[in-house]
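Per-chain residue numbering starts at 1, and chain names A, B, C and D are given in the order in which the chains are listed.
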Amino acid sequence: MIKTPEQYVESLRDGRIVYQDGELIKDIPTRYEASVNRAAGEFWLAHQPDTKKLFAMEEDGEEIAFSFKIPETGEDIQRRREITQTLNHWNLGGARLTGIDSLNGVAHACTVLDKAMGTNYSENMKKYRAWCKKNDPGICAAVSDPKGNRKLHAEDPKQAHKDFYVRLKEKTKDGIIITGCKLHISDAILSNELIVLPSRNHNEGGKEYAVACAVSCGTPGVKFLATTGSRNGGHPMIIFDDVFVPWERVFMAGEWQFSRLFATSFARYHRLTASTYKAIQLQGVAGLARLMAEMNGLTHATRIQDHLAWLAMYADVTDALAKAAALSPVYDQGTGFAIPNPVYTNAAKYWFASQWHEAMKYLQDITGGIAATMPSMKDWENPETKGYIEKYLRGASEYSTEDRMKAIAQVINLGSCAQGVLSIHAEGSLSTQRMVIYQMADWDRLKARAKRTLGMPVDHPAFKDLPTEPPWAMPASMLKK
Amino acid sequence: MIKTPEQYVESLRDGRIVYQDGELIKDIPTRYEASVNRAAGEFWLAHQPDTKKLFAMEEDGEEIAFSFKIPETGEDIQRRREITQTLNHWNLGGARLTGIDSLNGVAHACTVLDKAMGTNYSENMKKYRAWCKKNDPGICAAVSDPKGNRKLHAEDPKQAHKDFYVRLKEKTKDGIIITGCKLHISDAILSNELIVLPSRNHNEGGKEYAVACAVSCGTPGVKFLATTGSRNGGHPMIIFDDVFVPWERVFMAGEWQFSRLFATSFARYHRLTASTYKAIQLQGVAGLARLMAEMNGLTHATRIQDHLAWLAMYADVTDALAKAAALSPVYDQGTGFAIPNPVYTNAAKYWFASQWHEAMKYLQDITGGIAATMPSMKDWENPETKGYIEKYLRGASEYSTEDRMKAIAQVINLGSCAQGVLSIHAEGSLSTQRMVIYQMADWDRLKARAKRTLGMPVDHPAFKDLPTEPPWAMPASMLKK
Amino acid sequence: MIKTPEQYVESLRDGRIVYQDGELIKDIPTRYEASVNRAAGEFWLAHQPDTKKLFAMEEDGEEIAFSFKIPETGEDIQRRREITQTLNHWNLGGARLTGIDSLNGVAHACTVLDKAMGTNYSENMKKYRAWCKKNDPGICAAVSDPKGNRKLHAEDPKQAHKDFYVRLKEKTKDGIIITGCKLHISDAILSNELIVLPSRNHNEGGKEYAVACAVSCGTPGVKFLATTGSRNGGHPMIIFDDVFVPWERVFMAGEWQFSRLFATSFARYHRLTASTYKAIQLQGVAGLARLMAEMNGLTHATRIQDHLAWLAMYADVTDALAKAAALSPVYDQGTGFAIPNPVYTNAAKYWFASQWHEAMKYLQDITGGIAATMPSMKDWENPETKGYIEKYLRGASEYSTEDRMKAIAQVINLGSCAQGVLSIHAEGSLSTQRMVIYQMADWDRLKARAKRTLGMPVDHPAFKDLPTEPPWAMPASMLKK
Amino acid sequence: MIKTPEQYVESLRDGRIVYQDGELIKDIPTRYEASVNRAAGEFWLAHQPDTKKLFAMEEDGEEIAFSFKIPETGEDIQRRREITQTLNHWNLGGARLTGIDSLNGVAHACTVLDKAMGTNYSENMKKYRAWCKKNDPGICAAVSDPKGNRKLHAEDPKQAHKDFYVRLKEKTKDGIIITGCKLHISDAILSNELIVLPSRNHNEGGKEYAVACAVSCGTPGVKFLATTGSRNGGHPMIIFDDVFVPWERVFMAGEWQFSRLFATSFARYHRLTASTYKAIQLQGVAGLARLMAEMNGLTHATRIQDHLAWLAMYADVTDALAKAAALSPVYDQGTGFAIPNPVYTNAAKYWFASQWHEAMKYLQDITGGIAATMPSMKDWENPETKGYIEKYLRGASEYSTEDRMKAIAQVINLGSCAQGVLSIHAEGSLSTQRMVIYQMADWDRLKARAKRTLGMPVDHPAFKDLPTEPPWAMPASMLKK
């Protein structure tokens, strides 16, 4: 089944507890009306003839959201990218940007876990996925923990308390009780389901932190502290205050050896999603920079052209790498899952994240000091001052002062700390990507390539039948010595 | 005379017209109380026994602010730096950060202009400086013009109008009438005097834009549009709506050939001032990063240590270059002015401005996602949520949650677009510094150095008496061949 | 027909005049034996069952080299990449790395020229291509001119002489006479044919420089000055000393308006070829760095892992971008030519070229000082010193000293100025790629993306039917206000 | 006493054993004549009236080389810089670039060691210094060890052997016997004395590696393996094959706790020396780039001007930081030694080393492809080809082809791997400087600066008496509320 927008809106009225800026939110759809409409758009598109063929698929005679399908090929992954791109083009979305990635990441991880430990979590996951197909929930990943003192393990007594990572507090006959907090949970307010999973590895001493499960947003004990000033709840802190989760929604419960796998398996999918929507944002950044350069009369200047070329390249390289990651996946033998190419995916994420601040520098360089000193929109509305602003903040005649002010406002918005931090930290810090690339690069092939040049013996399959010397050489009779 | 703080406060009640966020400000000291107190601190310090010897000097039997002295040596320049540093250490200032630089820059430029054109502007300047010594005004530079379409000259008919650069609209027997607007005029609200000067060169066709003069803040026709949200008026737009300036306060009136000189002469002083206060800000950035790393338990990590080392270096290199610029000045032959070393000054400014965004990337990398997603201070005050925040946003046990939240708030503040834009654009864009360094580097000496290595003839004084071959060589008898 | 290796070797004995290191080369195959064998390998592979299907194709019942086929699809372009990759894997090649790109570039350009000017050069090109298919020559592009004073046009009388760019000196009934010099002509010694084309635009005053043609290497007046120390002739200067070219081998003769098109049309193909072989070299660099890190016992260090991750990413990103460029070509309407995607191609080239020196810094950082101070191989062979070297230059026990020394020697070789210069300048300088990206980026689409965010009207096809507001919104009845 | 050049030359004939490129050198002054003349120049200058006052000083009625004076003030350090600069300007030097730094570093370290352990090494050092003043030897530091597998300690049995670090093999009544090898020992062939000291810390298990001493170059068992192709012996490997060192020349013998101190104490002095001579080299690089730009007719191009500005800044910033390091030294309490400011010194070294490859990229970008493809000087001498080269490799008319070729040759030389590696690794790798800056930065002051901004209590002396609030505030009576 695919929800109607109306059904989606109603589904957010599940008794969830949300605080923002000191106030308890009474009704989610009312308080976050504009954002809820944008999120509802995903369900609306899935019902329209033109976009249905992208968003929906038939399975066992029923129409379901394509997003819930297990990705089995590069094309499946690429289709998820197209869903993300389409939502972005329509300025829609919010119901499940991270959630699908956590669904797939956890599904893959618990299959591996089951195989190693003889457990049966993947059955839970299969049923949960079937439930999702049937109920079409908004869904999001709840991964980052507050961490406290990062140097210390979660269970270290030197931590101020033991709840810096979500933990399994108690097992009962019917389920588990978890406590703790997850941070920066994008789109959580607009979701129905939270997929809770560990943010890092844990040792045996910290096995209570090795917990993965699905929690509905309205579950007693769940509390959302939305980001200050945000119009959609932002990336809230979520408190889990002794929350009960029935066994059929548990995907790991103490198997600490697999804690890291859950985190990385999610991240592999999610870094691609991020590279997908970020590429679109970066296209907007490049376009905005060009607009600003035109408004300021700067397109003739070599240095500005260099900035613009770099920004266009910045956007397009991100997109090309993301597409390459989708279309050159790795296949997990045991599960049949297609997983985005890890080197390309992490390279895409690292590329956009490590260069964001440089991009903002260029954008601000083109915009000029006015991005720091613009008078208020209230001065714009004040008839005593509007005329001065209109006159003096005009740029090139082809553009109105108002459009220039909107563009400057967007430069200011993009240049905020929040945007910088999200570029770096959403989907894992810069060092994580370097670490993953270090771990996942095909060093055997790369070393074989080098050894071949050095004349060292090479047994890598890609090179092993190749001769060191040219396969054909002039016979002595052809030489004139 | 050196003003008392009380006198300074009263001096701001001169009838000036200031708008902020849509409202006409009724009383400057009341509206901007905290900032006015900080600015008044400069006058207070000049009267205290300990700091008087730095801030004040005696001249002709009268006590005056040292800042108004013509800089004649590197030590004079360095003492201005120490005044700036002292104000920063006390968290004070605002009355004359840019103004002294414009006073000195204009003084130097109009001396050169007089010599070339037979005019007499430097007499005006001498009298004006004497007036300053006597009246001890807050003073600021009004330099940046809105520019409109930057590709076009000010007078180009394709500009939307002809007032994108402040211009001399009319000369009368008693003075001149100027019209136009200056942008981003730091500390203008806290000053008494505006030193208006051109922001760039103008051609003969644009000679009406070649105008420099001193304008009191309360002069009829002057209107300030303060920066939105600022607590001190920020960097307001200043409107000059047919403002009359008497001849004795005019320092250039149409001599277009010298337009650029006024701009660059100011900039040489001001980039050093900027490097001085920025070095202090950067020390705070390095210290904040270290604090944040301790709060997050990250000081053991190699990558974090590398970030921290870089940030400490970033701050200290800026300071070392600024000090070198002060202590290796160039001396203007005609005027006796000492001017900060142009290569070191521009290198200091370029270094801090070009790396600011990188520094913020490191700071944000250390801080973590919380700098994008922190709940509101109102949630902190709400008893239903405070406990959760206190518990989960705690870092290492040595620091309280509250201190960590303050530190995060400061990371957010530093990471704003405004801070980035000010780093780049205050005191001229990055390309300006490269251009100046290209123009001012001692290429003859550098080329001579290279030519000497190549064995090409060198006539540069630094090398000309040096032999190409070693001055002493073993005689054949010492060789064993 | 596809040549046998024997035929290829004999074809180099065409009377060509080659100087290297002060000496006139007597017999090309004998002097450059090893390199000729490597080049001959391309012909040998084209006859082997396994590789024939890649290198060869049938056309009109005859077997021809696939390389001479007009690229009509992304797959055609990708197949040329695979040919280049295969040759690299076998350590072979040299007969036609640049030549095919010039053939296709010139073919495309003279079609455009004919259409605009009513000339008939593309007939010449068709016949020439047919001749190539039949005779299977080694072929290379002769593009770069010496340029003299780059600030001046070729014909400027302030140039030291008028031959800094190859020029058409005379037209006769049977053909043209050209004079001048081409520089850095990779693999020229191993080719049979030189495709001469302009390196830049020329004005009407310089129309004699607008000349493109095919010249056999043995043509009277052609002289090669090979690169010092090279084993394959390197990238020789080629002198054209009044060389006669028959009309049927002329592709432009004075149509100055198209001079730039010939240069850029070649470059579009060639930058992709370069990105293809460079990606392979970079894989070798990454692998060598890893080997070196293992030999030195450094793989545990965070900073070294970061270097290695970066190097792996450097290589793989180059490859991903090159592949994307091949598979997302643009199609020339008039001619049916598929041309590599210009933004991806230039981004790939810019990426690898702009980062080469950084890569070498990392490689040298890992290797250590020994890459500057290694004793000679002669000391290694000297029994009095070999033992010391063997003992002290040993690294980790898993590798022999000899292998470590070979690896260090390769680090030294890669770190040479020549490698740096080739990375930057082969296929056009860094600024050229930025310029091309600035010119070819799809600014309309990028600006539309930005305008949509700003709420400005958008008429770009990609966005024009999309609503600004969400297509579905809660009716008032669903709100609880 | 100060040696005459003749005495210096003769002093190199001490029976030392030197191998280069497979051959045993018969006579040092004859084989390395030109370099020996350059080194002898230092002694010659010390006797000339003009330069004597810099190079020489009187002590106890005797004239001695200033270099042997203990540095007690910033001015002393700066004077050593001037000696280095003067030698560079004359193209002289080689007798003691690193040696003085090791003398001072070891002197400081063994004073600290004595104080802690009750030993008496500093007496040895005092006598040794007195001997130096009297005998005026060439002197160099022998620090870097081959290291083998860097991950393992020197004494780890997994190392291929135990001699990867110089070690104290035996103590006898009269002295010690050392064995091992030191690498990359600049100017060793031109010295008389080697100051041997550890390159890193060692644990108690490796106390035999904690050894520092002075060894004359002709001592039995010492063997030099000079760098291949070098004209002055380069940076040879030095073998210590059971070398006997009398006790009076021993400065540490097993006190492993101080091993690191010897290394860092040397490095603090030596990084400043390096920054001093490197600044001069970088001035040559900037000048060469400018020359090359003029020769190629490129000085009008914005991008080239930006490169040039950057290169000038690169050189001058290095110099300014080095000067700041000299003039803001730290003073060792116990010993009275002045030591270059560690943050400025390491920042100078890090700055020049981390940017060298970028500088070469710019230089090569300006030079063009010819730096990879230049024909041989033999082609230049061959009358059949010289004319072509002279004609076509000419640049702008103001310069001869020959000068342009010399300049290109210098670009090639600077761009070599050896130059890159020396920039990075001489005086410690890049990560070492970051580490030292991390360790030596004045974090207490930096954190205090940040805390003050955050309103946290500050007890640092620089801030502790400063009020948080402005010291003066308007009384309520002055407000208009």
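Just so it is clear, a residue touches a chain if its C-beta (ideal position, glycine included) is under 8 Å from a C-beta of that chain, and two chains touch if they have at least 3 such contacts.
Values in this document were obtained by computation on a predicted structure and should not be read as measured data.
Any chain touching chain C that also touches chain D appears here: A, B. Distances between chain centres, each the mean of the C-alpha atoms, put B farthest from chain C.
Averaging C-alpha coordinates per chain places the centre of chain A 48 Å away from that of chain D. The mean-CA centres of chain B and chain D are about 37 angstrom from one another, to the nearest whole unit.
Rounded to a whole number, the gap between the C-alpha centres of chain A and chain B is 41 angstrom.
Listed for chain B are residues 303, 306, 431, each touching two or more other chains.
Chain A meets chain C in the complex at residues 5-6, 9-10, 26-27, 29-30, 33-34, 36-38, 40-41, 44-45, 89-92, 280, 283-288, 290-291, 305-306, 308-310, 312-313, 315-317, 320-321, 323-324, 343-344, 346-347, 350-351, 403, 406-407, 410, 431, 433-435, 437-438, 441, 443, 445-456, 462-463, 466-468, 470-474, 478-481.
Per the touch definition, chain B reaches chain A in the complex via residues 19-24, 144, 146-152, 158-161, 163-164, 181, 183-184, 223, 225-229, 234-237, 239, 296-300, 303, 354, 356-358, 360-361, 364-365, 367-379, 381-382, 384-385, 388-389, 391-397, 411-422, 424-426, 429-431. Listing the residues of chain A that touch chain D in their complex gives 301-303, 306.
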